[in-house]
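Note that the chains are named A, B, C, D and E in the order they appear, and that numbering of residues resets to 1 at the start of each chain.
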C-alpha cells in the first residue's frame, strides 16, 4: 500500500515540477479534485458499468462452469466446442464490439455479451486445467466405491480445480471491468466508458483519469472480494501454523 | 473442427438468404474472397502485429517471471508490488492507449507496452499461484538437504508451477494478439489493428472481417504452439497409459 | 465347497515393455479371508487396480460370483496403498466418503462413522485435515473409510504398514472381530508374514515380477486366533518365510 | 564415552491445543545407531520435522556436536515418512537430488547413484517417473536418495515400512554394512521391534501423545548381527514388546 | 539538409489529406526545405500531440482548436483546409417523418462524444422551433453503420466522405446543413501548430505551410493525378478508388478546398470570430479547470495566416 502511495506522490511531484503539460499528465491532486467535483456524474455513469460487469461476469462464470462440465464429461463435445471457444477468443474486440452493439442494440445485452466474451475463456481454461489436476489415486478410489462420473466430478474433480479456479477468477475479474468499459466505448448512452470517451473528446484529460480512478477502485473492490471468497472456500490451505517459512 | 465448419456454413446461409446487408454481416465466402484479393496488404500488415505480439509477450513473460520470483522471495516486495500490479490491471486500455502514444510515440515501444500490460498479470498470477501449490513435504525435504531458498525455488517451486503457468499461458497468448491489435487500433502506421480501422472508415466490412480472420489464424497458431510446448515440457503428465477413462 | 466369490483366471498385465503380471489365477470364496504375499514391486497393487477398474487387463478373466466383472459393478470396498485422503475434506468427511457415495446423507454417514473414531485412535481428530495427521493416523483413517462401506468384499492394500506393533495388533484384532461378525470376504495385501497368518484362511505367495502364483497355503487354525506362538502357526510362518526368502517355483 | 553428536533437551511441541511432544530428551553419539519406537501418532515424525527445521520448537534445545542447531546448518540426510518424491523428476533424478543440492553436477551425481540401483532393486527403472513405481519401490528410491548424501547423520522415518520381508532384510543388511563401513551416525524411526534390535545400538521407546521417553534400551550385541534368534536378541525383543504393549511409565 | 517536420492526422487517411501527399510526392516540401513525415493516425487527438510537442503540426478539427486552445493548450491554426463547413446532419431519405430539424426532438442521435455536438444539434433544433431534446447514443466510428441499419435516427457526417459514399452506394440520404439553422459557417478543420514551435522554427513552418497549400492547389487543378498520388501513398488503406475520385470531385465542386473567391488555405478572421462567439455563447468553451470561460476570449490569437507566404 505504501508503494502505491509513493508512486502517487512521485507522480504529483513530477506533474507539478517537471513542467509537463496537463494534457500529457495531469497531477493526481487535480484528478482527485476533478473526481470530487464531478462525483454525481461519475456515480451516475458508474452504475451502468457495474451492472454490465456483474451481469456479464455472472453469465460468463455460469457459462464457463456449464461448459467446463460438459467438456469434462464428453471428449466429443470437448473436441467440438474448444476450437469454437478458442476462435471466439482470437477475435479482436475492437472489430467485434461494434458489430455486437449493432446487432444487439445499445442496451445492457451487448455489454453483458462482451464482458462474457472477455472473461469466459480464462475461467473455462482454469476450470478445465483444474479438473485435469485431480489426483489419480483419489479418482480411482471413488470409482472403486461405485461413484458415478457425476459423483467423481463433484467429490474430486471440482474441489481439485478450486486453486485453478481462483487463479482464473483473479485474472478475469480485472478483465471484466475493462471489458465492460470497452463495450460501452463501442456504443452506449451511459457508463464509465462513455464518460471516458466524452471526457477525451472534450479534451479533459483530468476527467479521463478521474473516471479511470473510479474504474480502478471498482476493480480493486471486486478483486478483494475474490480474495476473501478464496479464503473462505479453501480453509485447508491455511493450515500451516507453526511452519517455518 | 466439424463444429467450426457448421458455424461457417450457417453464417454463409444466413448472410445470403436472410437479406441482411453486407454492411452488417458479409458472407464468409465474400470475406475469404476479399482476404485473397488483398493478401499482400494483409500480409504486410500482419508482420508488425506479429512483431508487437511476440516482443510484447516476450517482455511480459520475462517481467512476469522476474517479478513472480521477486515476489516469491520477499513478502515485503510482494506487499509492495502486488497492489501496483493489480491497479495496473484495472486501468481501462481505452483510456490509457492515447496517453501511451503521447508518452512513447508511434513506434513499436507503445505496442509492446500495451501487449505486456494486458498479458503480464495473468502470467504473474498463474506463476505465483503455481509456486504456492508446491508440496510442503518436498520443500521441507529440500530444506533438510541444505538447499538455499534459490535451490528450493528452482528444484521444487518452479516445476510445481508449470501446470498453472501453462493455464496462464493459454489465456495470455490469446490476449496478447488482441492487445496488439488494440494498440494498433489506437494508432499505428501499419498492422492488423490499424488495417481494421482503415477498412472500417473506408466502409469495407469484408476487409474488416478478412483482417479478423488473419488475426484469428495467428492466435490459433500461437495457441497451438503453447499446447505443443506444454506437451514437451511436462512429460510426466502423459503417463497414464493403460488407464481407463 | 462353495462357489468362489472372486475368481481371477490367468490375469495378465504389462506396462509398456514391462511384464508385471504373467499369469495370476486365484480364488476367494464367500466369507473367506485371503492374503497375498509377494516381493515389493511384483504387481500386488496392480491386481487391485485391475479389480477396481483403475487399470485394464491385458488378458485373463475376472469373475465375481461367477459372472464377469462389468464396468458398472463395484462390489469392493478398496483401501489403496497410498491413503488417497482428500486434502480438502476433514477427517470425518474423508471417512464418510464411501457412505456418501452409496447415497447416505452426510449426517447419517457421520452417525455411522463417528463411534468408530475412538476404536481407530482418531477421536479428537474428526475436524482435522489430513495434512494435520501422522502417517499412521492417515492410514487408520483410510482403513476406517474402507470398512464402514460394508461391501461384499474388502480389498486391503497393506492397511497396517505404517502402524506400530501395539496399534497394529489392536487394528488386526478389531478387523478379525468384524470379519467374524459380518463374515466379510476379504483380500489382503501384506508384507507381514505374521499378519497374514493371524488373519487369513488362505495365503497366496507371488513370485518376482512378472508375477505368478508361487505357493498357496491354507491356514487351518481356529478363529479367533490369539496365540500366534502355537507350533502350527509358527510352522506356517516358517514355511512362508522359507518360500519368500528362497523362492523356487 | 564420547560427547554426543546430537542431543535433544526437553524438546516440546504443540499444535494449536494439542500437546504432541511433552518432554523429549535423547542423545546420539557419533557413529551410534539409535532407534525410536513409539505408538502411532505420538510425535516421532514431529521430532524429525523439528530437527530438519520444517517446524519450530515450542521449547527445549537441540545441540549438534555441542552447539545449538542454527538455521543454516543442516547436517542431516533425512528420509521423510511419505516419500516426497518429485513427480516431475525421473527416478534417477530424484535419487541424485541431495547430491545436486550439495553442488555436484548432474552427471557426477548420476555416476555416484547409478551403481546402487541394482542393490536397491530399482535397475531398469532409472528413467521411470515416481507415478510408475510401486509403493515399495518408491520407498527404496527415497532411501537411496537419502543415503547417497553422505551427511554427518542419517534421519530415517520408517524407511522399510512398505517392504516385504525379503526386500526388507536385504535393505537392512545393506544399511548395516554401510553403517559399519562408514560409521554413519543414524537415528531411525520404526515400528518394527525386530528391525530396531537388528540395527540399533540403543533404542528409545516413547509414550503416547504427549510423548515422553518411556524407556531407553541398550542393545549390546556384536556387529554384524545375523542371528536374531539368539537368546539375547530375543530377550531384548521381548522386553521391547512388553514395554510397548503395556506402557507403564 | 532538409529540416524534418512531422504532422499528425485527425482521422484515418482520406481525401481531406490529399494536399499533404501531393506536396510530398511532387517534391514541394523538399523544395521548401522541409522533410515532412506524415505521422500515422492515432487515437490521441492531433491537438494533444501538437501541444505536447510530440508532433510539429497537426490537423485540428475546428472544435479541437477552440476547446483545447481555450483550455490552455498551446495551439495555433496556420492553415484552413476547408474554406467552408463539410459537416452536416444526416438521416436516411426514407424518413418521411423528418421534415425539418424540429422533428428530431425525441429521436435517437448516434454521436461521437463531444459536448459541442449537443450544443450544435440542440441549437439547430431550437432555431427551427423545437425543444432540442433527443436521445444520444455514443457510437464513434460505428455511427454510420448504425444509421444505415436504422439503429439510430440521425447523425453527423463529413459530407465529402461519408455522404459521397452513401451516394455511391445508392443509399439516399437527406441532410440539414448547420448554416441553414443559425450556426455560423466555419472552416471544418485546420492545420495547426504550437506557438512554441512556430517561434523556434519560423522558416520550416512557413515552408511547410506554403508547400502544403501548393499541394492542395495542385489537387484542385489536377484531380486525377492527385487522386493517384493519394491512393499510391495509402495503397493498403484506400482500396475504394471510386470513392476517392468522387470525394475529391465533391471537395472541388463544393469549393471546400478553394473557395468561390479563389482562396486556398487562408483563414477567414470573420469565420473564426463568428464560430468562436457561437461556441462561447453555447457554453462549450471551458478553461483549464473545466469551468465555463466568463470572458469572451480573443479569438484573433487562435490563428495566423503569417506562415502562408508567396
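Descriptive notes on the structure:
Operating definition for what follows: a residue touches a chain if its C-beta (ideal position, glycine included) is under 8 Å from a C-beta of that chain, and two chains touch if they have at least 3 such contacts.
For clarity, every value in this text was computed on a predicted model and none was experimentally measured.
Least step count on the touch graph, subunit A to subunit C: 1.
Among the remaining chains, those touching subunit B and also subunit C are A, D.
The pair of chains sharing the greatest count of C-beta contacts is A-B. Per-chain CA centroids place subunit A at a distance of 15 Å from subunit B.
We define each chain's centre as the mean of its Cα atoms; on that basis subunit A and subunit E are separated by 38 Å. Taking each chain's centre as the mean of its C-alpha atoms, subunit C lies 86 Å from subunit E. We define each chain's centre as the mean of its Cα atoms; on that basis subunit A and subunit D are separated by 50 Å. Multi-chain contact residues of subunit D (touching two or more other chains) are listed as 15, 53-54, 82, 131-132. Each of residues 45, 48, 52, 141, 145, 149 in subunit E touches at least two other chains. Among the residues of subunit B, those in touch with two or more other chains are 24, 98-99, 102, 136, 185, 197, 200, 243. Subunit C contributes residues 49, 52-54, 73-74, 76-78, 80, 82, 84, 86-89, 97-98, 100-102, 129, 131-132, 149, 155 to its touches with subunit A in the complex.
Within the complex formed with subunit C, the subunit A residues making contact are 135-138, 140-147, 151, 155-156, 159-160, 162, 234, 236, 239.
Across the complex, subunit C meets subunit D through its residues 15, 18, 37-41, 43-46, 81-82, 121, 124, 132-137, 140, 157-158, 161-169, 191-193, 241, 244-245. Touching subunit E in their complex are the following residues of subunit B: 21, 23-24, 38, 41, 44-45, 97-99, 101-102, 105-106, 185-190, 194-195, 197-205, 207.
Partner subunit A is touched in their complex by these residues of subunit E: 45, 47-48, 51-52, 64, 67-68, 71-74, 112-116, 135-142, 145-146, 149, 151, 286, 288, 290.
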